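In what comes next, chain A is part of two complexes: it sits with chain B in the first one and with chain C in the second one.
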Partner chain A sequence: MTVDRARAVIVEFLQRANKEFGELTDDLSLYGGGLELDSLEAAELSAVLEDEFGSDPFSTGDTLPETVGEVLAFYNAA
Partner chain B sequence: MIELLEAAVAARPDDVVVTSPYGTTTYAELHRDVQAIATALVERDLRRIAILDPDPAHVLAVLAACSRVGVEGCVYPLAPTDDAIDEMVARFEHEVVVTGRGISSPVVGYAELAATTPGDLPALPESRPIMAMTTGTSGFPRGVRHEWDRLLRTTHKIKPAPEQRWLLAYGLNQFGGLQILIHVLAAQAMLVAAESFQPRDALDAMRASGVTHASGTPTFWRFLLAEIKSDGGAVPDLRQVSLGGEAVPGALLDRITERFPNANISQIYGATEFGQNVTVRDGRPGLPISMLEPGGDVEFKVQDGELWVRSKASMLGYHGEEEVPDGAWRATGDLVEVVGDRIEFRGRKTDVVNVGGVKVHPIPIEDRVSKVDGVSLVRAYGRPNPMVGHVLAVEIVLEPGYDEKAVASEVRAVCADLPPAARPRSIKFLDTMTTTGNKMLRGAGR
Partner chain C sequence: MGTTEAAPSHEPDVHYDRVHEAWRLILGSEFHYGYFVPSGIPLVDATAALTEQMLQRAGITPGARVLDVGCGTGHQSCQLASEHGAEVLGITTSGTGVAAATELAASRGLATARFEQRDGTANGLPDASFDVVWALESSHLMRDRKGLLSESARVLVPGGRFVLCDIIRRREIPFLEVRERRDEFALLRSVYGDAHMLPLDDYAAMLTEVGMEVDDLTDISDETLPTFAAWRANCEEHADEITRLIGADGLDEYVRSTHVLEAFWNDRTLGYGILRATKPA
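== the complex of A and B ==
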């Protein structure tokens, strides 16, 4: 399933970016109070997702995703 | 240019001047055609003409004939569509195109001109113009007007060297190509042209014709090294390697030195507009800071991080625009930084990537990544991104037998100490890479 691969891409990215995270729950924020991604890290996440799947929720949607669940939902719907 | 040809034909008429897929031409044969074409140009009362012909011997003959009788010749790029050529004819107001192509503009075939019975020619005219074209990477190419006398003013320093075989790795519509023609004639040497300007074809021609001297863009050399490595065939025994037209990364100089141990390595800095090149032979990237001293034929200054130049061989001006006054400074579009005793190139002004408001130069990043084991070719560029405008992205062609994941992680490691905006945020692996005019496109991204 695409959504599982998306989850794997996110995990790999977070490990590479030295982000501490426990479980990747749907309501985990990408930014403050959650994964604490800065703008360049969020930009990188969108780029690696696009590299992998050809599209990504940051570039395509009307609003930027704010949680892990919103990112995964994009691939669930696809 | 005609004077160089006449000296060569007197000294060695039967030497080959051009070898290409279209055949070989000796100096005597070339000279005969030039006499005929010059006569034809006078008979037809032409002033400004274009040449569009894939055979470099034809281009050379027409340019030399033009220079004999003061006709302004201009070499067109080979690739464009018929419509694009008609647009150039209209824009540059050319009276006729010497070509075998069926375009709507007035044309004349090379064979027809060369079949003219050579007649008495008038004395050398005082003004002998030539028009070169900019590559036009940002919009329609501009016509750059030069005088032959200015372009040839340093050729007296070139000694005859008939043993030299020069590869033509630039289109003759490019100023780099014109410089090679001038050099070959002045050295009374041989020009070797390949099927195309692609490094693969160039390598075949180098091997088949025993090329000893070659000049190309850094991108050309990077691809050529990759071709040699991947086919495992003979390494051409080059005596001279020249690089120009783009910033030259230090890692590439090291690789060329290693690959061509018998070659002198020169970096050429020039532009269509300033007519004369500066050559650096010390094997280090960038220009020596002594270039900033006033008084040379070509003078430089650094202003707001950009290199400015003025040249005694400068163009007269662009076609259809006002003449440029003698001694006028002009911006080169090349961003530089003075580091110690060196003027180091950071890239083209148009190549700068804006990452969230931070300006990032792709060249130094390519230079770092190119040193990673397993990286055959690399391009760094700005990739559009909704959050920060652009991110810095790299594309890599691997050498055989390397693992993508391992190389990607090494690439990240060598870039880890860069400012965050300059770190590659996307690393893609490709089978091949394409170029334009053997130059790498960076700034605009996709």
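== the complex of A and C ==
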């Protein structure tokens, strides 16, 4: 399923960015208090997702995703 | 900057330890931007002029207790002690920095410049124990900027002064622009570490929040712009030695980073600011 692949892409990205993270729960924030991505890291994640799937929730959605669940929902809906 | 060989790390201490020697050749011994007034002066004079801008704001008198936050290898701390009679404590997260700075002070016979490995955002020093807190181009590597400013305010005596200069962000950068220019931003991160630039006004707001009175806030982007051409000239002059230290890729990355920064300065995305705040008496 696309959503599982999206989760795997996020995990791989976080590992490469040396981010510490536990379980990727839906309500986990991408930013402060969660994965602590800064704007450049969010932009890089956005590009990685687009490379993999052809579209991504950061650059084609109406609003920027705030949580892991919101990123995954984009692919769930797709 | 995660240069070449070793695994990249964005930790300030690892970053500085690894590339220090190459940077000394590029940036000069003062290790920071230059203030090119009058225009056309050499980098060594311009870096001294930037320090002078800080000195004018700090108003350091003989015997003043100065905390140098993010002291690097101790050049400024030693200068404040030797030329201005200050009693300086320099702090840095880098153990190598502390060792180098301690050695520098010893080589100059300076008992009034001491160095300790401490974090400027949680310094563990006593309240009201310094007359001046000095942060020269170190804050951009501290993720917890509020911690830096509140800790600086805490350790100042009433009437004490906080002076800071650093790279600043001059406008909001929309997400899609960050995405579009991510290779440029990633190059800067690779070369300079995990830096986060804030607008001067954000510093002022946070200082006000921690009870400081901001009495000077100056954008000196234009005065610092010639720094990049000066760094490139040093890259060219010392190319062989820099290549030996950080590899041809490291040198190439550095040169490209100066062009990226110069473009950011010119399109008013990034720049340089200096400020002073006083702790109410």
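Just so it is clear, the second predicted complex is superposed on the first by the 78 of 78 C-alpha atoms of A that agree within 3 Å, B and C clash if a C-alpha of one lies under 4 Å from a C-alpha of the other, contacts with A are read in each partner's own complex, and residues count from 1 in each chain.
Everything below uses one rule, namely that contacts are C-beta pairs under 8 Å (C-beta built on N, C-alpha and C of every residue); 3 or more make two chains touch, one makes a residue touch a chain.
Everything numeric here is computed off the predicted structure, so don't read it as measured data.
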Chain B and chain C placed together on chain A: clash or fit? clash
Q. Should A:L64 be classified as contacting the first partner (chain B), the second (chain C), both, or neither?
A. both
Applying the touch criterion given at the start, work out whether A:T25 contacts chain B, chain C, both or neither, answering first, second, both or neither. neither
May I ask you to decide whether A:R16 touches chain B, chain C, both, or neither, giving the answer as first, second, both or neither?
first
### Query
Given the touch rule stated above, what does A:E44 touch, chain B (first), chain C (second), both, or neither?
both
The shared contact residues of chain A with chain B and chain C are 38-40, 42-44, 46-47, 58-59, 64
Touching chain B in the complex, chain A uses residues 16, 38-40, 42-44, 46-48, 50-51, 58-59, 64
The chain A residues in contact with chain C across the complex are 18, 38-40, 42-44, 46-47, 58-59, 64
So, in the complex, the side of chain B touching chain A is made of residues 355-356, 383, 385-388, 391, 393, 412, 420-421, 423, 425-426, 428
Touching chain A in the complex, chain C uses residues 9-10, 173, 175-176, 178-179, 182, 185-186, 189, 196
